[in-house]
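After this come two complexes, each holding chain A, first together with chain B and then together with chain C.
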Partner chain A sequence: MRSLRLPSFALAIPAWAWLVTFFVVPVGAVLYFSFGYKPGIFGTHATDVLSFDRYAEALSPTFFEVFMNTLWVGIAGTLLCLAIGLPVAYWMAVKAPANRRGLLIALVMVPYWTNFLVRTIGWQIILAPEGWMSQLLQTVGITDGPLEILYTRTAVLIGVVYNYLPLMILPLFVAFDRVGPALREASKDLGANRVGTFLRVTFPLARPGIIVGLLLVYIPLMGDYITATVLGGAQGNMVGQLVASQFQAAQNWALGSAMAVLLILVIMVSAAAIGLLLWLVSLPFRARTRVALEASA
Partner chain B sequence: MTTATEARTVSPTDERDAASGSVELQQVTKRYGDAVAVDGLSLTIQPGEFISLLGPSGCGKTTTLRMIAGFEQPDEGDIRISGRSVLGAPPYRRDVNTVFQAYALFPHMTVAENVAYGLQQRRTPKAEVRQRVSEALDLVQMRRFADRKPTQLSGGQQQRVALARALVNRPSVLLLDEPLGALDRQLREEMQLELKLLQSRLGITFVFVTHDQGEALSMSDRIAIMRDGRIEQLADADTIYARPTSAYVAAFVGQQNFFRGTAAEGGSTVESVHGLVRGIRSDRLAPIADGTSVQAAVRPEFVRIEADAAAGAPATGANRVQGTLLGVSHLGETMQYLVRLGDDQSLIARRPTPEAPDLAVGSAVSCSWSDASVQVFPSDDAAAAGGYVAPPTH
Partner chain C sequence: MTTTAPETTMTDAAPGAAEASAPRTPDAPVARRARRSPVDVGLTVWSVLVFLFLFAPIIVILVYSFNNGRLLIAWNEFGFEPYRALWEKPAVRDAVAVSLRTGAIAAVLATLLGTLAGIALARKPGKWALWFIGLLLLVSVTPEIVDAVALLPWLVFLGQDAGLSIFNDGTVRLVVGHSLFSTAVVTYIVRARLVGLDAQLEEASADLYARPFTTFRRVTLPLAMPAVLAGLLLSFTLSLDNTVVAAFVQVSGSTPWPVYVLSALRGGLRPEIAAVSTVMLLLTLAALALVAVVLKRAGDSATQIARTMSGG
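Up next is the complex of A and B:
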């Protein structure tokens, strides 16, 4: 009897079905709506006439400023997450006692056990002008007046770094952990000090994990909506909020779609540009350490 | 990059004195919590010497090597390399290099870049780096693999690269941590020969850690047999093999038949349940009081074996036992006989294949040996229990 055997790609069918239904179709719809227009006060979108007009609208000076603001928060937030997350991930993977690592990872994850919105609202209390942080800073004498950062871009930055830091730490931890102690010992045995060992062995080998961490933080951060809404106010606007307000408040799906598509493009192009830049920066370093022997005799 | 002079000390040729390449361990102790890994160990290694630290896992040999390399700091004692104390000095400030057990080649660098790593750390000019890397790769016959990544190499090839990566720095002392352990037997034997030749040619001090007695015997000028963080015996291969100072050493190097019993005749004879085993007790060893618990050791290659009928008269006197032949194994150059003497005692005899007697399994046999082949030691729990040390499984 012929045995019924599914081809191996059948394993991927559930994932494909899910992604096609809930990702490809909606994104396709958003792309399609973005070329349409808002037909009247009560309509949300119409696509009988297609044009790039909504894109022109989305790039008007007001909206453009929000895009730039988003890019600033995205890049600054991601770099801050890297600056804060890299040392702690290195310490957890390399220096901390091996039997404590599980506990340390759990501690990194603890904030995730609390609702995202609740955590973010918590920062309102901390950052408020009459909040305890403000009073502490005044008591100690670091600031003269009340803390004036709630509902600013700074508050959004603090919030996103807090919210996305675990997404940076975990892949960095895994990356550093996988390098293992043997190669660091070999490096020191060959005369490299701690800094040299990090730059030439640990860092290059952890680079894939670092790239994963950067993308895991940068992409959701660029589309963040809750943090900016709760902590940003009018000054801390991000594109995510604009998109949401076009869909919900203004009921202009066409413009909201155009903004969403632009946001996707900005994320892709900026990530590619940053990657290219980092690669170009690394070229002289690679050239210096490359060893090319003449063809063997 | 900083312009500061590289911290690693490289002694110029004119400063290389007689002590260059010597290693001295003075009363070195290393503890991990309550466990003592190395226990007051003292050892002086001459410049240019090939010394092996031999012992089972957990005897402290690797910890000793790691303290010389600088990966561990001793809790007590002093370590001197080329006459200077290296206490507190990190690995990158020591004039030693290590060939690691798992090679620890950098997977993101080519073979040439791996070998160049140490030279680049010392800001060696590029032309000189190329020159010396080429020479080092030629030395281990890996020049044509220079542009490969380590993952594209076989175990033996990786081992050669690891060797080149260490030797290219021209260290005073080369430390080798079971570098041949991952290789198959034939390759391992080839590399043993090559390593020994290389060492005599370069004149670098080699400190070789291994649990393989064959490796240690074939390559070393001297062997330090280690046990529980101490050196049990330190001598050349001949002495270790022929005149072990304890049952532990006797059991660890080569194979032994042990007879337990009580000492008689001034410690030279053992009264065992299988008869008298008589040896010649060396004056070098501590005296053994008659009546104390002792064991006699006889190596299988010294045991003669013949059919019992041929012996004629029943066994009388010392150094002659009778038993049943349990099995015969062909080991290539030798034939090995396993003889059962009693419930808890077996005996191994080994004869060169051309002159090995043809004996039927299950037949009665008679075994004998000369007084000169017997060594008597105080009883030692660490020596193998039962009558003999089981042959290694090949």
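Up next is the complex of A and C:
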């Protein structure tokens, strides 16, 4: 290989050029448009006068509410995914028969690889007021009238939890699986009970996987467009829809661009804030589990 | 404590023991079930419920694809009418054909770009690699809707203002839109595979006076092959499923199937939507099963396969 005279990054140039041309440049243009304005009814954007006015407009009360709504759905959805997915991942990695593990992973994969739009439409059928679930609940007597969940924020929350749950289960499974049985057995041999073993050995060692899972769910969830479009009504609005409507119906690319840039900023800042919070919360944890962490290295 | 300790050790040592010797004796799970604690039972029940939750909408779509009614949501009677409509309606068939065509082209393109980049990242990392991985991360975390709204004006500009009429072509636009995320995914997968393998074989090849290209073709590429094939199939399925970017960049006349479904959403869904979804789901699952087989043959564990198939 020493005789190769090309620069070390030569093989990466085609991919780099492709991504710069069709990702960096257009996204950069969006950033630029966001400082412009919409000139009259027929124009989509103009950039002869640059200002931060579109950002002020994007944060005006009507739109600000959508941003807050998106944050609410994002945080609640991510936490629900963790609460629902953690026991499943633990069960898959520790309790389930080892020879079934491949099958269980495949069972988590199938929903993940089913078309996003299609599985969301599946929920639309389930939650519809005239659908079978609604009729079943009425027949059994759990509800008095038809189900009134569809086109509300609750429907969006169910949809996002469903849609991103596999992205939580898989990294958590990998994390729990990696801990392996040896350290758990050692903990038991040293006299710890099951709860102690979970809290002081398994959980701290799986913590990186938990953080990966939280990010893998939170980041795409915040930018979601499909779930809110299919399941959300006026209350289920998310920023993704707002961006789309500015580019399509309103033909106001400048405002849509400002919203897109704000969306990315909100995701980055809130993800960093959550990461910092988790780190601070885990500080006392870390001190106590030092020995276990070194043993795993 | 003294009476329960050996018991708990046994229940939890069992998975580990089974890992070492893959084929379990048939009576082993029964023995374990008899000693389950309430916590274990609770975990199992919870997991079963979550798996039911994960499959609920998919089963609903499968069942409703046999709905002979006029509207998807309102169940009428069991029948194969939706599948017949699928066959007879040119719009749906065309949409599937567009998806398959763009999926194949986007997959080949993303695999080509991603494989080369992945090899460079694994074998010749330098200061540039940090920047490049940063770019890939940016591509992966940017919301699809932002990609979509950014790409549309750019493609219109290239096609109309810059006079590059190739970008007015529906297939080209979809391929461009679908290839971005896939390129990043293939790069991750190929890099991960090669980083896990020692570079000694390539060095030996060079020491034996093979030219760099020969080493690349006869040593590096075969080593990376399982990852390349997995990346190809993953890109194909990613492209088949791409809805958001496709909805924005598509040109009328070359609508891929998810966009057809999305536009049908506004005018009331008909049962053939469930039928086409079922057909495409089967196709996707076939491709994914193939990925799993390829990776398994290359010696990956179930966990490694899971990591690769969730996008690195």
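Criterion: the second predicted complex is superposed on the first by the 261 of 297 C-alpha atoms of A that agree within 3 Å, B and C clash if a C-alpha of one lies under 4 Å from a C-alpha of the other, contacts with A are read in each partner's own complex, and residues count from 1 in each chain.
To be clear about the criterion, contacts are C-beta pairs under 8 Å (C-beta built on N, C-alpha and C of every residue); 3 or more make two chains touch, one makes a residue touch a chain.
These figures come from a predicted structure and were not determined experimentally.
Novice: In the superposed arrangement, does chain B or chain C reach more residues of chain A?
Specialist: Counted on chain A, the partner with more touching residues turns out to be C.
Novice: Does chain B (first) or chain C (second) touch A:Trp113, or do both, or does neither?
Specialist: The second partner, chain C, only.
Novice: Who does A:Leu205 touch here: chain B (first), chain C (second), both, or neither?
Specialist: first
Novice: Could you look at A:Tyr218 and tell me whether it touches chain B, chain C, both or neither (first, second, both, neither)?
Specialist: So A:Tyr218 meets neither chain B nor chain C here.
Novice: Kindly classify A:Ala186 by the partners it touches after superposition: chain B alone (first), chain C alone (second), both, or neither?
Specialist: After superposing on A, A:Ala186 lies in contact with chain B but is clear of chain C.
Novice: Figure out whether A:Gly196 sits in contact with chain B (first) or chain C (second), or with both, or with neither.
Specialist: A:Gly196 sits against chain B, while chain C stays out of touch.
Novice: Taking the superposition on A as described, I'd like to know which of chain B and chain C A:Phe63 touches: first, second, both or neither.
Specialist: neither
Novice: In the overlaid three-chain picture, which partner chain does A:Phe35 touch, first (chain B) or second (chain C), both, or neither?
Specialist: Touch partners of A:Phe35: none, neither chain B nor chain C.
Novice: Touching chain B and also chain C: which chain A residues?
Specialist: On chain A, the residues that contact chain B in one structure and chain C in the other are 182, 185, 188-189, 193.
Novice: Mind pulling up the chain A residues that touch chain B in the complex?
Specialist: Against chain B, the touching part of chain A is residues 182-183, 185-193, 196, 200-201, 204-205, 289-294, 296.
Novice: In the complex of these two chains, what residues of chain C are touching chain A?
Specialist: For chain C paired with chain A, touching residues are 1, 5, 8-9, 12-13, 15-16, 18-19, 22-24, 29, 37, 39-40, 43-44, 46-47, 50-51, 53-58, 60-61, 64, 72-75, 112-114, 116-117, 119-121, 123-126, 128-129, 132, 135-136, 138-139, 141-154, 176, 179-180, 183-184, 187, 202-203, 206, 211-212, 215, 237, 240-241, 243-244, 248, 258, 261-262, 265, 269, 273, 277, 280-281, 284-285, 288, 292, 302-303, 305-307, 309-310.
Novice: Where on chain A does chain C make contact in their complex?
Specialist: 1-4, 8-12, 14-16, 18-20, 22-27, 29-30, 33, 44, 84-85, 87-88, 90-92, 94-99, 101-102, 105-126, 128, 130-132, 162, 165-167, 170-171, 173-174, 177-178, 180-182, 184-185, 188-189, 193-194, 216, 219-220, 222-226, 229-230, 240, 243-244, 247, 253, 256-257, 260, 263-264, 267
Novice: Which bits of chain B are touching chain A when the two form their complex?
Specialist: 6-8, 69-71, 90-92, 96-98, 100, 102, 104-108, 110, 112-113, 115-118, 120-122, 129-130, 133-134, 137, 143-144, 146-147, 165-166, 169
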